[in-house]
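A, B, C and D are the chain letters, set down in written order, and residue numbers restart from 1 in every chain.
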């Protein structure tokens, strides 16, 4: 009977003003019972389709902004790491480190993240079976005892199309770790828009409902006051104005699911 | 705010005694509010992996048994059709005709079923995009006005593995038809067991919960007092003794989902 | 050191004039050494996407046309069967019966085709592993001894996209049956064009080369003097004017491959 | 009418003795006309399934061994890079840098490799459409003019299974770059063996034939005198004793293919 964890934020760090606007709403949501909110934003989008795509402020400026968000809101913060040397500085600011899905098999990165002693949220590679994430958990556990979470964020289904194999949530949960459902990236259409990445925002809530009803421990969302101006992932994001009412529905569903056992 | 439809029964017709045992439990469940039960069983398993596999009693004996179930229980009954000439006799006994997933693209079968004037439950081909089921709906609607339902029962994901693309439920529902989630066949592992078909019964309830939370109109289950003795699909079936308590949980979830809007 | 078998023709039967035009070219190709040509055309396209799509002349007129082609050209002829009752009349005219890929698992159809005593060319279901075609071969062999061929025509890879798993040729050949590579349908894009089916003609020759180099026993092509006017599959077809030079290259490659052992 | 490029070697560097044994055979093959051989071996297997798996000698010792191979044999050498800081030192020894498939989308790595001015062989991500490799080529070309090659090494087809989409060779070639077919990794079965990776050596030659017949510019193979003792990928490797006769057949096929135009 744990509260539902909510990992949320803009996709990528932009201005302090934007980060605070989103953090303020998340702080308000965090006052509800049965929910724990973590603020998430990236300092670098390291695998954009195009070399010209905007990538974010970089690690130094990014960590400075994340620390400001933490001080301003009191919320714990998290971000994703792309290279082993990111892990130490990120762990100075963040309560949780995130490993991107494309890098879930890079041993040195998983080991460096686990060695910080902070919990690590590892996204299931879009190319991996949920059963094979067991080996990734073992890599992390052999290297640190801060704890591991595993995140379902879609599996490649043919070219440029993701499906969620919802069975991955109970399968990965059976390894004794909390599981996260990344509702935003699950509706991506990688490579679908000729050099950028498309998405389908309308499917975010239905899939998040499914994850809650199957017992997910955490949900991950990207939200933005004006998604269409986000440097990346806008097509998947929930507009900030619609975010709170969606979360309220999911918390009601979560309460029923917990009562079912 | 429709009741949840429940299509359930043994996979294939065996004895009258077995059919009545299952129908008796379904009749009891049907007395709950907010649920409408339809009894389903096949008279022929027409696409078994092996030529030696048992196939069922055939259409004449099968329809006789289904009529007895209907008279005994008062429940509406349904079965699947494999050839155009099956549709007329089946429509004399059944309130709903079912088109198997492998045959979802066979024009003559879809047309013959629709022409009976009875509603037709068409399973999405495991090889079809949910978006393309729109054309199948058009085939049926051009041929009769008894109504169409579309059923998600899994999509091929590589060889011998099914995934449910849960997005198919809202996508197919957007065509203006009720949608069914076949929780039993969705956990099949076709070709997984060297000449037979395997499955994973433990995933039936989690996936059914996901479907309910996403707004499915109907659920489909196979149940049997002793699944391991069923001539087919035993590995996927819910034991009859566990069926009622699972349905109760799903109805509680359904009530919450309806209240969310 | 068998000759290469070539199964070719228009997708669907239209006029006698068109059939003879194509048969005349195939007769000319058949005079080359190391090739045996079979004329193929469908009398019914039974699984078109749309109910309004043109389907062909039907079985009676279709078999009449095929018999005329056979008398006119001396070439053996083949066509596909969709229902068990098609098999007997088709076997009166055709030297080879073909089972469509969507129907590869329908036991009654495979059994009826095999019972005619004619060889049966069974297309691997786009949804089946090559290894599982072994069970289909057993179904046919248990029902008749006219011989079986297995045909690779693409495997579903996500929605609306086919890939050829070229390993299926050696895998299916290991069952002791000749294998066919259907170069035309392998480049289909099912559901790709909003109610019709697209394709990519430019990939036909490269894939046919690959199949020859891997030891295929037969190749299957659709050809038409004016592909864009064909009632179906035009986007995949080889224009008749380009057909002969493509076949010549493939026969040269075949000669080298045979010399390698 | 370029010669066929052959990239070959043991999967991972072990001893100097082993490297020289393989290099000696490759030097002998390199004397044939119409073939250019490049020696390839990894200094680190950075994404092994298990944290306990052996990874190789590391970059310093690995580059020392590669330089010895080059001096001993005169063959150009290549290896794979996993982090941006690898690219400079590797480019001091190697004539060609290789980007692993899992890392094909990591912008910083592609850019750092291209900036060395050496040609870069980028493996198509197993999760990427060949069409989308165009953007990766653009990333490299924007960063250096040493040239790019693209390598087909299999595409994920469901969990733990690779298929080669052979169409990727002509598609990627249409970007104006030479293409490589990695015949060894294409027959991997990732995650297939409970913590290690399996494979199917028998399919290496048939698939290599297919690639040659479709016009590949280069082939990639792993070979080892005793594959079952290799620290990784043994199940896919060609035994050294069988390597030369396989290459001879492929060169004969290549000669015919070139004559066809």
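Things worth noting here:
By definition in this document, a contact is a pair of C-beta atoms (placed from the backbone, for glycine too) under 8 Å apart; a residue touches a chain by one contact, two chains touch by 3 or more.
Only a predicted model underlies this, so the values are computations on that prediction, with no experimental measurement involved.
Two chain pairs are in question, B-D and C-D; the one with more C-beta pairs in contact is C-D.
For the touching copies subunit B and subunit C, the fraction of interface residue numbers used by both exceeds half; the interface is of the same-residue type. Put simply, the C-alpha centre of subunit C and that of subunit D have 36 angstrom between them. Averaged C-alpha coordinates give centres for subunit B and subunit C that are 34 Å from one another. Subunit B and subunit D have centres, each the mean of its CA atoms, that are 48 Å apart. Each of the following residues of subunit C touches two or more other chains: 155, 157, 159.
If you check the complex, the residues on subunit A that touch subunit B are 155, 157, 163-167, 169-170, 202-203, 206-207, 209-215, 249, 252-253, 256-257, 259-260. Interface of subunit D with subunit A (complex): residues 46-51, 55, 82-84, 102-103, 105-108, 111, 126-129, 131-132, 135, 138-139, 142-143, 155-156, 159-160, 190-191, 195. Of all residues in subunit A, those touching subunit C in their complex are 157-159, 161.
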